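I've put the structures underneath this note.
Shared chain: chain A. Partners: chain B in the first complex, chain C in the second.
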Partner chain A sequence: MEDIQNSAPGSVPAGKLGARKGADPSQNAAKRLQTELMQLMTSPAPGVSAFPSADGNLLAWNATIEGPADTPYADLTFKLSFEFPSNYPYAPPTVLYKTPIYHPNVDFSGRICLDILKDKWTPAYNIQSVLLSLQSLLGEPNNASPLNGEAAELWDKDPTLFKTKVMDRHKDIGDD
Partner chain B sequence: MESDLNADLAAQEAAAREYQPHLEGPLVGDRTPSHVITEEYAKADPVYVQKTLALPQTYSHYRPVQGDGNCGWRAIGFGYFEALIRTGDASLVGAERDRITQYPILDHSEMVYEDMRDEVSILMNDIAAALPNQGAAMDVLVQKFNDLDVANHLLYYLRLLASSWLKGDPNANEYLGFIPEEIGIIGYCQNYLELPGREIEHLGIMLLYNVLLKPCGMVIEIAYLDRTPGPAVNTYRFPAEANGCDPSTLGPIMYLLFRPDHYDILYPHPPPTAPVDIQVNRASSFSHEHQITPNMPSLQNFTEVDLSALSLIPGLGLNPGVPSMSVSTASSIESYSPSPQSPWMPTPFTDSLPIRQQQPQLKQEQSVPSLRAVSVLPQPVQRQTPPLRFSEYCHPQLAETYASREPCFTTNTFKNSHFNTAHYNNPNFQPEEYRPELDDSFYEVARPTGKRRSH
Partner chain C sequence: MPPPPNTPVAGTRVPTPGPSGQWDARSYAEFRPVHIRSQPTSRPPTPGRQASSSRSASNSTRASTPAMPPETQHSPPPRPPRSPQPTPPLDYQDLAYVDEVDDTLICPICRTPFHEPITTKRCGHTFCTPCLRRAVDLQPICPIDRQPLAFVADQLCHPRIVSHQLDRLRVRCPNAGCGTVTTRGLIQTHYDRHCERTLVPCPDVGCARLVPREDVTSELGCLHREMRCRYCDAVVFLADRERHYDADCEGHTAKCLECNAVVVRHRMADHVMNHCPEAQTVCRFHAFGCSVAGARRFVELHEGSGCVYEAIGKLMRAQVEDRAVISDLRARLTAVERWSSKHTSRSPRPGHRPSGGEGYMSMSDLDLDDGPSSSAQSSFLNDSASNGAWESPEDYMLAQFERMEAKMEDLRKSVTELDGRHSVMLLNETMPLKDQITELRSNMGVLGFQLHNTLDEDGVRGPGSA
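Let's look at the complex of A and B:
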């Protein structure tokens, strides 16, 4: 990314785009993510989990959220992907739903509209707090700024149809 | 259809989210002579021109700070460490390290700030190890502040210090006037102080002053370069009590230059310089000269030497631009303050600005016969500029200014000769650029000349 000149001397020069997949995340980000990993393992929060992706790239993680009881998403499990910028935690991760989900604040590509993942991000947030925020968003969507307008309307008007649409859309995906 | 629209919106949002302004230069630059700022504003609003011309009289150098939204934090943080280095006292640095790394950070788990705090600790240890060699310590500081990873940590720790001070200050109510009512203190911390890349505000500076600088007796002086009327930048000090005090009675002072939305670091002249006596040139035999000729003896010599030769050029004495110059002496002397620190600069400024302002008076002036004799004199100054002028490659913006002014002083004979830089035979050949706005002013001035010729 923009900090090529700041990479440690002697580190393998990563290609312009290769930095993302390359093994050269900024030391800040790597150190912080290791700390977060430790915290997630020692004090996991109920209903959410996250782990670095299998390819050993610390800047890409997979996560799961269990749908909270008493919401249309009860008993459903959602997979998400996290991609961390090299200046994490000073910029938010890019978070996507991998599991198809019908929700007012998620579009059909899995992109999420949540302020703390955008302009309200601060380094005080972390993977766990993001996952818990997303979990609570399942039960309390922000219908004022929907990405899925139909879902925002149905949430109030027709909870039964909403639930049907949620179930139609949901599809368990394997570990890829 | 709708999903298309959504995809478009999402794409736009993503573009906005990922947009990064194109930032040039290092995070914290080298000490740079302050006349570079003067140069930067050469073509700006006259208020800026005047204030930046005066700037080098007080401040010899500045240090550019990258404007990525953290510049205020960056400038004050850098100033703090630099002031510590200037004391040359390694034990003070150690004491300050203990003080600020042990300051209670409120409302955050250690996980959030431990890396940042460690980075502060490392920096201060490195500085202490380099002292008393201040040069080596400054090298450490500049290098750390230009390492984005390190700098992010350092600056965010400053943000946390400021927000912790606000949360923990029993007198926090004093600050409420600066905080939008609906968000309150906690909201201000979250949405302003602790948001990475969010500009520092007045309140942020007060907080950072209280938590970081006050305990070690440092003072911030901010020079505001804005469009408020006045011959020089306005300055304000934190704490307020320090305003109006003699700097020698205050602790270490860090100087900042504020331009709307941006902070840089300033360095004053080491000992306060005695005001330069610009009267020297006013005493010269030509009463109008102080306006046109800056306090540059060499330039004056040119004036005298080449005068006779140039006055031979036909039509020169009728040059339209000139009478206006002799007019404005009285009024413009006070408002114009020449800058001794930037010897290259005055010529382009001094004669172009007053001319424009004085144009409306032109007609009256023509009726004064004695003016004609005098009016020839300023021209050589103008003509002599090419040898004095820097190449356009040094100062592209200046070269432009210069080129654009040329036509005002050109007779046809001159224009068609190879003395004209716009002539292809001129060694400094520079093609003329068409400038509609200049054309206007050219004709305005040219019309009266025609009349005069017909007399």
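Let's look at the complex of A and C:
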């Protein structure tokens, strides 16, 4: 997270920016993120939430997803981290599960395989839509391209064992 | 963008700070004479400036004694022209909207109301032109539904109705301290031409910085010279001083001695004069005899509960206003008199007052119906110069005009009345006539009918009998 912060063009000394602030991409990213924050605060979607991380850097956010009912993830809460590139929303954010999760499309370090976070990203996506997509991915994993092959297999073969594995893997982590 | 402090600018003359490290009042006064008045020497002492009474005294003496010729501080050496920074363009994505903007007018890419909206022809999605251009540059698809899309004219169109809707949104001027609210269609003009807070190139051709438009005046010249702040030792540009006072200045807040509130020092005088609840003040109706005085909160309590002098105060105020009107009228009268005396002195002045005033036509005598106008004219001339009743021909003429106007009005009224009466009379007379005519007409019809019948019968009978 630190190196992101240091490398972000947003940390250019303010005096250098001069008059052409429209030309600085990170300004646009910050503006858009600010707007999104406002929208998330005023009209939150059920089951998902997001907020910039405490260090005041608008390009790094923390988010939570509540597992949807009628899925193995019901009643569980997952923390995620978002890191936004300076040309957001023209490039997707990097999203990681911070809470360990047993899921066909998430690997053990929390990386997510989801097309809209890769090549299918368009600038019309936003934090809320990404979170809602991730939430629905919990109930409908894409078992055709798994990051966790065992989970993809168990999802269809042995839902009970899958549920056990999910519960074993899930540990609530602190707010760090 | 504030330049870092302590940056010497080539060619600018740095005014020497006072020995106390205080803002140099004299050099300050040179640039901004308006402000020196609001820089109060009468400002009440504030904590941290306990020793300021002697300071401000020395300050004021310095300000009054021309110890240094002002030329040494004025007129920096001419510098070669530099290409000035352009005025920063109005950033539509930064605009603050007064009312909530409908979701349908929000660009899905930048999440702000559309700027130069553009719609895809194939799928009908609308974006800001710059947002869509950038998105399509990266990936030639519609950002909403991923339909193939190229940024060419025949795949896109400008939705005029959306533009009109956007133009009607009310926005706030983005310049700090402006506060103007206007429609979005007009904000560009306001920003470009009218707003006093818009940053424009410095009037000094050798300076490449920007200043608010209101500071661009010929007598101030370039405001990018460094000044020492009065409260902290920071060196700031003169052009940035207000912002510095309000935001950056290390010593920028202080406790009000009276009420312990923390106030921006720069606004302390205003606070004590108008807001501080503990500051000593007098009742609003002090001028009319109310003797209540004390801390503002008590006085406000007293005023709120109804000062007995309030009624008198209103009357007195009205009287003062009346008096002002009277004195104004008097002044105008004097001016008119002076003018008239200048003019009448040209004509031969009769040295005596015409006895009996045979040619004089008083207000009551004036009647439009009798007396030829020529005699009225001559009598007017005769009279006006000498008669005391009419101090000037203008007055006389004005009175006459007024009277004539009144008479005209009377006449007009009576004519209207007469007109009305006539028409009623006419109506009264014609109504029975009309009735009679109708009756006659119906009689005629009956007669004609009977005649017809008779003729027909004759006709029937005729051939039969024949």
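One rule holds for everything that comes next: the second predicted complex is superposed on the first by the 151 of 176 C-alpha atoms of A that agree within 3 Å, B and C clash if a C-alpha of one lies under 4 Å from a C-alpha of the other, contacts with A are read in each partner's own complex, and residues count from 1 in each chain.
Methods note: a residue touches a chain if its C-beta (ideal position, glycine included) is under 8 Å from a C-beta of that chain, and two chains touch if they have at least 3 such contacts.
If you're wondering where the values come from, they're calculated on a predicted model, not measured in any experiment.
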item: Chain C versus chain B, contacts on chain A by residue; value: B
item: Which of chain B and chain C A:118 touches, first, second, both or neither; value: first
item: Chain B versus chain C as contact partner of A:148, first or second or both or neither; value: first
item: Partner chain(s) touched by A:31 [first = chain B, second = chain C, both, neither]; value: both
item: Contacts of A:107 with chain B and chain C, given as first, second, both or neither; value: first
item: Chain B versus chain C as contact partner of A:160, first or second or both or neither; value: neither
item: Common ground on chain A, meaning residues reached by chain C in one complex and by chain B in the other; value: 28, 31-32, 35-36, 39, 89-91, 120, 122-124, 126
item: Residues of chain A defined as touching chain C within the complex; value: 14-15, 17-22, 28, 31-32, 35-36, 39, 89-91, 120, 122-124, 126
item: Touching residues (chain side chain B, partner chain A) in the complex; value: 2-3, 6-7, 9-10, 13-14, 17, 20, 108, 111-112, 114-115, 147-149, 152-153, 156, 190-191, 194-197
item: Touching residues (chain side chain A, partner chain B) in the complex; value: 2-3, 6, 26-28, 31-32, 35-36, 39, 87, 89-91, 107-109, 111, 113, 118-124, 126, 147-150
item: In the complex with chain A, residue positions of chain C that touch it; value: 1-4, 85-89, 91, 93-94, 108-112, 131, 134-135, 138-139, 141, 143-144, 146, 199, 210
